[in-house]
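Pasting the structures in now, so scroll down.
Below, chain A partners chain B and then partners chain C, in two separate complexes.
Then we have the complex of A and B:
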């Protein structure tokens, strides 16, 4: 039994569970599958990896169209993602336990499976297949958000298909030039490298390619947003780390990514959208770390992915709980919820502290590694940008989200506390956020650091809990809190209100649409003009043909037989011309 | 061969002839038959027999090489010869299998769509059309090709016109098709005439042999080539000669649309391959230029224009029909590359597309059968009211888009690889763009079916009303085949590669005579 289960990628267990759940009428059985199959996958990853001695396990080989594919590569890098994806799958399952929806359950399972499969892909073709499956399965989750989410889902799908297509083009060029499809370090200068970087960049939310995140995520359902926030972007981080570690341009892309969402997030009214912007900002830290490419930076990125999935999931869960009970996450309509949802408030505050990198909370142990790596490499401008962004994160995710949802002016809403399963999922995530940041023999920091990919000069040597680190971080926190309080006092803080924020997606949502509509109108007119001209030109000839072929005149002049016949003659002339003269 | 021993001796010796003769003879009996049930059973038996026979022929070709069969024992080039090799054996099997599956589906579909009195003749016409397609593919005599082309075409016009009891527009479509199809056939026969004028023979291999002596610089040969390419281009719906196709597919009886879409253009495409690569010489300048400009160029144009047209259609069958024109563009693009990989891709797509389009049109017929739905906008809630039919439609639709793990992906990937090998990067761009367009026109339908509420009648949602098993079974066989050929593409790819090797070898000038008997197979001669 165990031999059979370990003979293929654990991803297929989840995908199979997804297919079963598509035909499973009982919601209870689906929920069991939803929680049990990621847990089983987690166990199997362990069994497979520690059942052998090498640093990397290669398996699940299949031959596809003459190319040998490695569908399962579990090594010290991919296993981190494997663990956290499985864990997130279990947490999402618990969080969504109350919801009876076949489509969400099915696509969540396949989506999780695709994420795990892509992380364990040993070659680019396998990666591409799961890459596409990830996009296709997740769009159904977006569409569960109601009628308004349909166009957003379409835009989401278009971006992801584009990403898949770029990846395919890149990998074909790469494969032809290098003669192999193995997925290792690619580098931006390799043939097809730029295309693949762009493909990964779309999924990672590079600046100006990021809009799908804020467009689609907040529009999904209560559980949908939580599920979506985990896999797609983190997979892109994995792919970047595997393929493009140390690519210098990523440092600057990452730095820009950390900074610009801050402004949007401060202005935004929908708190789930605020979190989506902050998701982008956290990804910026990771991309920046990948660009640095030193051992310390890469360790930082890996650690940050783990804790980010936990705390970002926790924050989305808490906002999901609010949405579930209150029916909105608009800052302008919330406030004072701490009275009726005390536990949710508490968990949200833990998540906020973790994302703000308060010492002894999740983000602190990982983000400081990335910032330290930037510091060591003497990228001063980038360092300052990251500092600004850290303060910004604190401002919008650390303070704004909990403040406007649970405190601020009382909205007068008195609702029930979140359901027990949501509290349980949030509780586990909150516990892990704290546990993994705790140093010392009873804390979990050693386990987190023990997991990191390169032990050489990295994890063991790095200690975030030094005096200057702590003081420095506290200064940032204090400064940001002070700024928030001050702006709030003197009334300069952007008030929470319903408003449209113009992001660069305006280019394709408004300008692009208008251009398309204009183009389509012009096309119709052009078509009409050409038809009119053609009719004039061929009128006489076609009339005669009509007289030949339709003596009764049963067909109106619009019937195309005559014109088609002329067209055929034209085609013959063209063919003759080609054959004779070219 | 173990499998070969399953086939009785007569199939291995006279299979080639019986493949054409049996359906033609039984067509007469069917036409006289008063009972629709018996007529249907006859057709089912004939198509089943043809599946069996063509499978036997394919296995024989794989194990022993090409089969020559002389009609009536007359030696070619005087007599008519039948010739089966790796290029046409898979197509024979494809046509037979699709015909068999469609016949299962015909029982409820024809009962609902064709006037009761005309059912016997309807089935007879179908058998003639079926025999004509098989004849076109199997014969090695150029004039015989024309005869069978007309046999299948004329019965096709009749069958399309019989859709009139469902929608009167079938009559104009049929007439339109009649005119264009006749022009195409005329062009083809003019081309054959020119060839006969220059070579003095009608046997394809003999023509190829004489053409090698004449060489590429003969104006009449060039003229013949142009006429044949355009004539066949019309039959295979090469853009912009496809204008007959959307109407014919949209208004023909559902059962016949499914058959037509999956087979007719493929048979014509096979003839194009046979003539350009094995009768003419692809290494000649004018053939090479025409391949690149005419086939690949028009293929690309067709992919783009027809995919766009498919998006704006509201009639479900018209969407699928325009998509067919676009898919023919993919095949032409692969063929136009004229490399082994390109030809493999084109041929592979031909097989895969037959499965996918067959399933899609069967499902479209089922929607009409249960709810009278022909428009995309009426498909709201079909995911709930006809879950199994819609699931089959979705499966085939996903394969048509080319999602990884389906047959469409395998053939598109091969095509992309072929284009990359040629350095045609722009072609890859077009493939990608049209795949995205395919997502839109298929996605639009799937979205209607799954994400809109079930329509209500008198305040109550419409009840579930699944298609009968006779429709579901062929639908799912084809839909699953289009997935299975994506997961395990080995069999289809090996067939396509074998076909590509036949084409790669260039003109086939071996005429079987008394003196060059194939070493392994005994010379097969029929009916003394």
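Then we have the complex of A and C:
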């Protein structure tokens, strides 16, 4: 049995469970599948990887159009993503236990499977197939947000199809030039490399390509947003790390990604949209680390992926619980919810502390690695940008989300605490956020370090819990908190107001749409003008022909035989000229 | 009514306690205006403490601008204030009515309490 289960990628277990779920009328059975299948996949990954001696396990080989595909490559890099994707799948399953929706259950299973399949892809063609499956399965989760989410889902799908097309074009060029499709280090200068970088960049939320995150994620359902926040963007980080580690331009792209969402997040009123910008900001740290490409930086990226999935998932879960109970996540309509939802408040505060990199919380360890790696490379401007972004993270995720939802002014809303399953999922995530940052023999930091790519000695050498490092981190946190309280006290903190904040998606949602509508109107008018002109022209021609050839026309009248002979001779000459000379 | 039988809590407080989750009752003081007004002293104290500690634990690998022990206090304060203060002009430039794109506003309960579909 074990031999059979380990003969193909664990992703197929989830995908098969998803297919079964689609035809399963019993919600309870679907929920069992939702939790058990990622758990089983997690066990199988362990059995497969540790059941052999090599650093990488290659399996699940199939032949496709004469090309041998490796659908399962479990190595020191992919196993990190495999573990955390499976764990996230289990947590998502627990969080969504109360929801009786076949579409969400089915899509979540296939989406999770596609994510796992993509990180275990040993070649670019397998990656492409799971890449597309990821997009197709996740769009149904976006659409579960209701009719209002359909346009956002269509835009989401368009962006991801574009990403898939770019990946396909890139891999074809790459494969023809190199003669192989193995998914290893590609590099920006490789044939098709730029296309693949762009494809990964769309999914990673590069600046100006990021809007699908803030557009689609906040519009999905309570459970849907939590599921969506895990896989797509983190898979893109994996793909960048596998294919483009050390690509210098990623340092600057990542630095910009950390900074610009900060400004949008402070303007946003919808707290799930704030968290979507925050997601972009955290991805920026990872992209920057990939660009640096040193051992410490890559370790930091891998560690940050693990803890980011936990703390960002936790924050999305807490806002999901608020949306579930209150019916909105608009900051302007919330406040004082700690009275009704104390456990959710506590878990949200843990997530906020973790993302703010407070010592002894998840983000502190991983983010410190990335920032230290930037420091070691003497990228001073980028280093300052990351520090600025760290203060920004504190503003939008560390303070704004918990403060406006659970504290601030009392909105008077008295609701029930979140359902037990939501609290359980949040509790596990919160525990891991703390445990994985704890040093010492009983702490989980050793396990987090143990997950990191083993050939990297930097992880063991890096200790974030030094006096100077903790003091400098706390200086930033305390100064930012003081700035918040001061600005709030003197009335300079902007109030939360309902509004649509324009982002670069204005280019296609407003300008592009307007241009399209204008072009369509112009085309309609032009068509009418052309029809009128053609009708007039052909009318004149037919009128002339009628005058010549009709029974009453010129050719029907008697003509002298001499004129007829001349006309016929002329036509014969014209025919001969055409035949011989043209 | 005897003096000792006088209720210690106001009617408003009793109502608030009754409406709150039992686990939240010991923490209701967090919502009082006095606590919210004076909370500023917590980060102020923390900021001063860690700024002083910056001299006790100077950075082993200082950046070129780390010439004094509380340089990151300054960076944190300035960065945070800049982000928040920038929101005023940015809101004027970038904000539009909620139905600007003609797709209604973003949330409003996407209930998960639906039956099987």
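By our rule, the second predicted complex is superposed on the first by the 524 of 582 C-alpha atoms of A that agree within 3 Å, B and C clash if a C-alpha of one lies under 4 Å from a C-alpha of the other, contacts with A are read in each partner's own complex, and residues count from 1 in each chain.
Please note the rule applied: a residue touches a chain if its C-beta (ideal position, glycine included) is under 8 Å from a C-beta of that chain, and two chains touch if they have at least 3 such contacts.
Here the structure is a predicted model, which is why all the values come from computation and not from measurement.
Chemist: Looking at the overlay, does A:136 come into contact with chain B only (first), chain C only (second), both, or neither?
Modeler: The answer is first: A:136 touches chain B but not chain C.
Chemist: I'd like to know which partner A:25 touches here: chain B for first, chain C for second, both or neither.
Modeler: Touch partner of A:25: chain C, not chain B.
Chemist: For A:61, select first, second, both or neither according to whether it touches chain B, chain C, the two together, or no partner.
Modeler: Neither partner.
Chemist: Let me test your reading of the model: by the given contact rule, A:165 touches which partner, first (chain B), second (chain C), both or neither?
Modeler: first
Chemist: Give the label of whichever partner, chain B or chain C, reaches more residues of chain A.
Modeler: C
Chemist: For A:571, using the defined touch cut-off, is the partner it touches chain B, chain C, both, or neither? Pick first, second, both or neither.
Modeler: In the superposition, A:571 contacts chain B only.
Chemist: Touch check for A:380: first (chain B), second (chain C), both, or neither?
Modeler: Second partner only.
Chemist: Output the chain A positions appearing in both contact lists, the one against chain B and the one against chain C.
Modeler: No residue sits in both footprints.
Chemist: Using the touch definition up top, name the residues of chain A that touch chain C in the complex.
Modeler: Within the complex, chain A touches chain C at residues 25, 27, 96, 98-103, 144-146, 148-149, 151-152, 218-224, 262-263, 266-267, 270, 272-273, 323-324, 327-330, 336, 338-343, 375, 380, 383-384, 387-388, 390-392, 394-395, 407, 410, 414, 417, 466-487, 489, 492-494, 497-503, 509-510.
Chemist: Within their complex, state which residues of chain B touch chain A.
Modeler: 172, 175-176, 179-180, 183-184, 187, 219, 222-223, 225-227, 229-230, 233-234, 240-241, 243-244, 286, 289-290, 293-294, 403-405, 410, 413-414, 416-417, 420-421, 428, 432, 435-436, 439, 443, 447, 451, 489, 493
Chemist: List the residues on chain A that touch chain B in their complex, please.
Modeler: Result: residues 64-65, 128-129, 132-133, 136, 143, 150, 154, 157-158, 161-162, 165, 168-169, 172-173, 176, 549-550, 555, 559-561, 564-565, 567-568, 571-572, 574-576, 578-580, 582 of chain A touch chain B.
Chemist: Taking the complex as given, what residues does chain C use to touch chain A?
Modeler: 16, 19-21, 23-24, 27-28, 30-31, 36-37, 39-40, 42-44, 46-47, 49-51, 53-54, 56-61, 63-64, 70, 72-77, 79-88, 90-91, 94-101, 103-117
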